[in-house]
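Structures follow.
Next come two complexes, and both contain subunit A; in the first it sits with subunit B, in the second with subunit C.
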Partner chain A sequence: MADKPIEGEKRVFMTGNEVVAWAALAAGAEIMYGYPITPQNEIMHYWTRLAPKYGRKFLQTEDEISAGFTTIGGVLAGRRAFTATSGPGNTLMQEPMSMAEMMRIPVVQVVTQRGGPSTATVIYSQQEVTMTCFGGNGEGARIVYSTSTHQELFDYTIKAFNTAWKYRFPTHILGDGYQSKMRESLTMYDPASRGIEMVPTEPYVAKGGVPGIDRDPNHLRNTYNTEDELYDVVMGIMSDWEKYAPEIAEYQEFDAEDAEVLIVAHGVVTRAVQAAVKELRAQGKKVGHFRPVTLRPLAEEQLRKRAENAKVVLVVESAYGQLCKIIANSLYGLTTPIKKVLKPGVGVTAEEVVEEVSKLL
Partner chain B sequence: MVDLDLVEPFYTLRPLKRQLEETGIDVIAWETRETMGLGEAGSILKPEMKWSLKRETDVIMDIGYGVEGAKTLNLVEDALNNKDLKIFAVVNTSRPMTASVKDIVEYVSGLGKVDGLVNNTHLGDETDWEIVEEGAKIVTEAAKQLQIPVVYTAVDEKLRTAGKTTDSQGNPIKYLHRYMPRSFW
Partner chain C sequence: MAKGAKIALAGEGGQGVQSVAMIITEAAYEDGREALYIPNFGVEQRGGVSVAYVQISDEPIGSPKFKTADIVIALSDRAVRRTQRYVGDKTIFVYDADIEGVEDDLPKNAAKVLAIPAIKVAKDELHPRVFNIVIMGAVIGATGVVDVDRAKQAIEKKLGYKFEKDPKLRELNFKALERGMELVKEEL
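Take a look at the complex of A and B:
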């Protein structure tokens, strides 16, 4: 059997789906559970080709409900486990993701957004923001990294396992069909070679010893008999969520400090916005960009600081206001107007962003 | 030019079809509006694709990757007996699955009839001659073991060097104009 999947560092060129499979291997993921759906399929394909070489495992389930629940099962057994899905598959996975929220189970779910609602397109979209952040019948105690490059897909897939196991919240990589299918270069590395230590995993069940004698009893529940009991549990989860949110939240800024027009965009759309800001700045226009890397939790304080000083906030997304809802909520109380460029299921180019901003100036 | 990539039918030539046609190439591929209703199962063969080898002209077929991609040729009339049809495997050693001689030999051996290799080693916009030549070495050694030739080394025309017509391994160089960066993916 081969040793480490990646020794040291290597500059490579490949599709985003392939990147996720390699990153999960590099992160020491032990098992993937999944059910086929475009544009996620090649994550499974590459994983199943690579995993046996490194003693890792794969289970194809009968649907995404099972894929989500078996991922939870893997984690309960102490395995670094993950799943990947898209669109209607993500819809089906909301029940297990809710359970993971309730029981603080560190599952990692990779979402390659496709068009919606329903079956829609197999190609690209940013319409799974609301579902990935807030799906299910819970409060959205989930960590969501929205990536924009293959390098980030690699970095954040590794990071997701550590964030999940450190904070014990379900953690999501939010990509999209474009990122899945396009090819670009990145540096793959063995996390250890960069001093990244993988957070150790531990079983939730079958811990060994006699409960009550050798260790505390382990009572795992997602069902509560009374309202007050549930209230205490949910308030406990949300209190942890509030406590850790500031240290989990990540963002990037591009010329945001003195921006009169502050563009907010996430995921692959940030690439078009970054290019547009560069061009508009070259024209002497005071335009900047705030890019949330984590959509849950959001770097609210930092965003408010920039939005406060801007004359207008422009939200650009490949959805009909899913990001905008999150942004508007966190800017509540400010008087800066919010304008929108909403293109559900369609890509955004730098030229379009330049044109839209020019209308505002 | 025939888009036989049925592995990824919606992610390849589609955005560039018209642009290629404007240069005088007959492009046999689906137009977005023709795929209406095919949805996710849109990997369907156009009749023109099946008969493309009967054309009295040069025909280039782009088939999907891997064993499943190679099987697509079974659907083309006369593909298995046509003496003029040459099948080349395009290899980029910057892709981890085909990064070593051993992996390339294993991969190409699984594809069925392959007449030659193309060294297409690159890192997108970051490609330099060192990357191309490193790939040339690996691909040439793999070709030797497979007992097939390296047909050419493909190089972005941005790297064009006056007088340089072969790589360090003696394989001819073909300079390429890249259209794909104009599509979204």
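Take a look at the complex of A and C:
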């Protein structure tokens, strides 16, 4: 059996789905659970091809509800486990994901957004933002990384396992069909070669020893009898959430400091916005870009600081205001107006962003 | 010719536009350039025209799909109609001279509209199976985004296992590449 999936560093040119499979292997993921749905299928395909070579496992379940719950099962057994899905599959997976929130189970879920609502397109969208961040009957104690390049898909898939196991919140890679299907170059690496240590996993059940004698009893609970009991538990989760949010939140800025027009965009759309900002700056226009890398938690303070100094905030997304809702919520109280470019289920190009900004200047 | 290029390749399923896109972007990647290729896929492809979106640049590439292409290559009547939307006033629009009944559908706003006899050349001079490599040559001839030798290496990488069995195929493919480049250069 081969030892490490990647030795040192390796420059490659491949699809995003292939990147995710390699990253999960490099991160030491032991098992993937899944059910087929476009555009994430090839994550499963590549994983099933690669995993046996490195002693890793795969289980195809009967649907996404089951894929989510079996991922939880894998984690409870102490395995570095993950799943991947999209669109209607993500909808079904919300029940297990909210259980993971409640019980602080570090599952990793990769979402490749497709068009919605419902079956819609298998192509692309940013319409799974609300669901991935806040789906299920809970408070959204989930960590969501929105990637924009294949390099980030690789980096953040590895990171997701560590964030999940460090903080014990379900952690999500929010990609999209474009990122899944396109080919571009990236550098793959063995995390250890870059000094990245994988956070060790541990079982939640079957810990060994006699409870009460060798170790504390392990009380795993997902049902509560009284309102007060539940209140204490949820407040405990949210207090941890608030405490860790600032160290988890990530963002990027492009000429944002003196921007009069501050464009906010995430995921693959940031690529178009970055190119647009470059062009508009070359024309001498004071345009900048704030890109949240984590949508949950959001780098609120940093965003507010930039938005406060801007004349207008422009939210650009391939959805009808799902990012905008999150942004507007965190900018509450500021007087900077928010404008929107909303293109549900459709890609955004740099040319369009330039055009939209030019209307504002 | 510009160093970077946005290329839309469109044809019927089986004409090989996706494999051409794949080989060109692999060649550019091997050359150390930024390259991005995305096919249209899924339901949008079913029963329709197959489109490959290719971008090659020295700068990081923006959005995977684009509004206006530098080069559009259309290989069927439906592809000619479908790719109108990617044409702007700087676009070079290339289509196969054998496509019939599209005279009224050719873009009016393109910088140049070129008819190249790729299907005919492949059939009469080479072999119908290397039609897509003729097209690949045409793309390279029109854009200069990839060096010819690099393109040959990429073809070798993709088809090398076939060449080993039959070395004449190598010659045929390389000839197809060169003919494709000539066809465009004659017209430009």
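To be clear about the criterion, the second predicted complex is superposed on the first by the 361 of 361 C-alpha atoms of A that agree within 3 Å, B and C clash if a C-alpha of one lies under 4 Å from a C-alpha of the other, contacts with A are read in each partner's own complex, and residues count from 1 in each chain.
We adopt the following convention: a contact is a pair of C-beta atoms (placed from the backbone, for glycine too) under 8 Å apart; a residue touches a chain by one contact, two chains touch by 3 or more.
Nothing here was measured: the structure is a model prediction, and the numbers come from that model.
*Asks:* With both structures lined up on subunit A, is it a clash or a fit for subunit B and subunit C?
*Replies:* Overlaying the two complexes on subunit A (C-alpha atoms) leaves subunit C and subunit B clashing.
*Asks:* Once the structures are superposed on A, label A:Trp22 by its partner contacts, choosing first (subunit B), second (subunit C), both or neither.
*Replies:* The first partner, subunit B, only.
*Asks:* May I ask you to decide whether A:Glu229 touches subunit B, subunit C, both, or neither, giving the answer as first, second, both or neither?
*Replies:* So A:Glu229 meets neither subunit B nor subunit C here.
*Asks:* Is A:Met188 in contact with subunit B, with subunit C, with both, or with neither (first, second, both, neither)?
*Replies:* It touches subunit B, and subunit C stays clear.
*Asks:* Where does A:Ile123 make contact in the superposed view: on subunit B (first), on subunit C (second), on both, or on neither?
*Replies:* both
*Asks:* Looking at the overlay, does A:Tyr178 come into contact with subunit B only (first), subunit C only (second), both, or neither?
*Replies:* Both partners, subunit B and subunit C.
*Asks:* A:Arg271 contacts which: subunit B (first), subunit C (second), both, neither?
*Replies:* In the superposition, A:Arg271 contacts subunit C only.
*Asks:* For A:Asp63, decide between first (touching subunit B), second (touching subunit C), both and neither.
*Replies:* Neither: A:Asp63 stays clear of subunit B and subunit C.
*Asks:* Share the list of subunit A residues that count as touching for subunit B in one structure and for subunit C in the other.
*Replies:* Touching subunit B and subunit C on subunit A: residues 13, 38, 122-123, 177-178, 181-185, 347.
*Asks:* In the complex of these two chains, what residues of subunit C are touching subunit A?
*Replies:* That would be residues 22, 25-26, 29, 34-44, 60-68 of subunit C.
*Asks:* Which residues of subunit A touch subunit B in their complex?
*Replies:* 10-14, 18, 22, 38, 46, 49, 119, 122-124, 177-178, 181-185, 188, 347
*Asks:* Once bound in the complex, which stretches of subunit B touch subunit A?
*Replies:* So the residues of subunit B in touch with subunit A come to 8, 10-11, 39-40, 92, 94-97, 99, 122-126, 184-185.
*Asks:* Any idea which subunit A residues touch subunit C in the complex?
*Replies:* Touch residues, subunit A against subunit C: 13, 38-39, 121-123, 177-178, 181-185, 268-269, 271-272, 274-275, 347-352.
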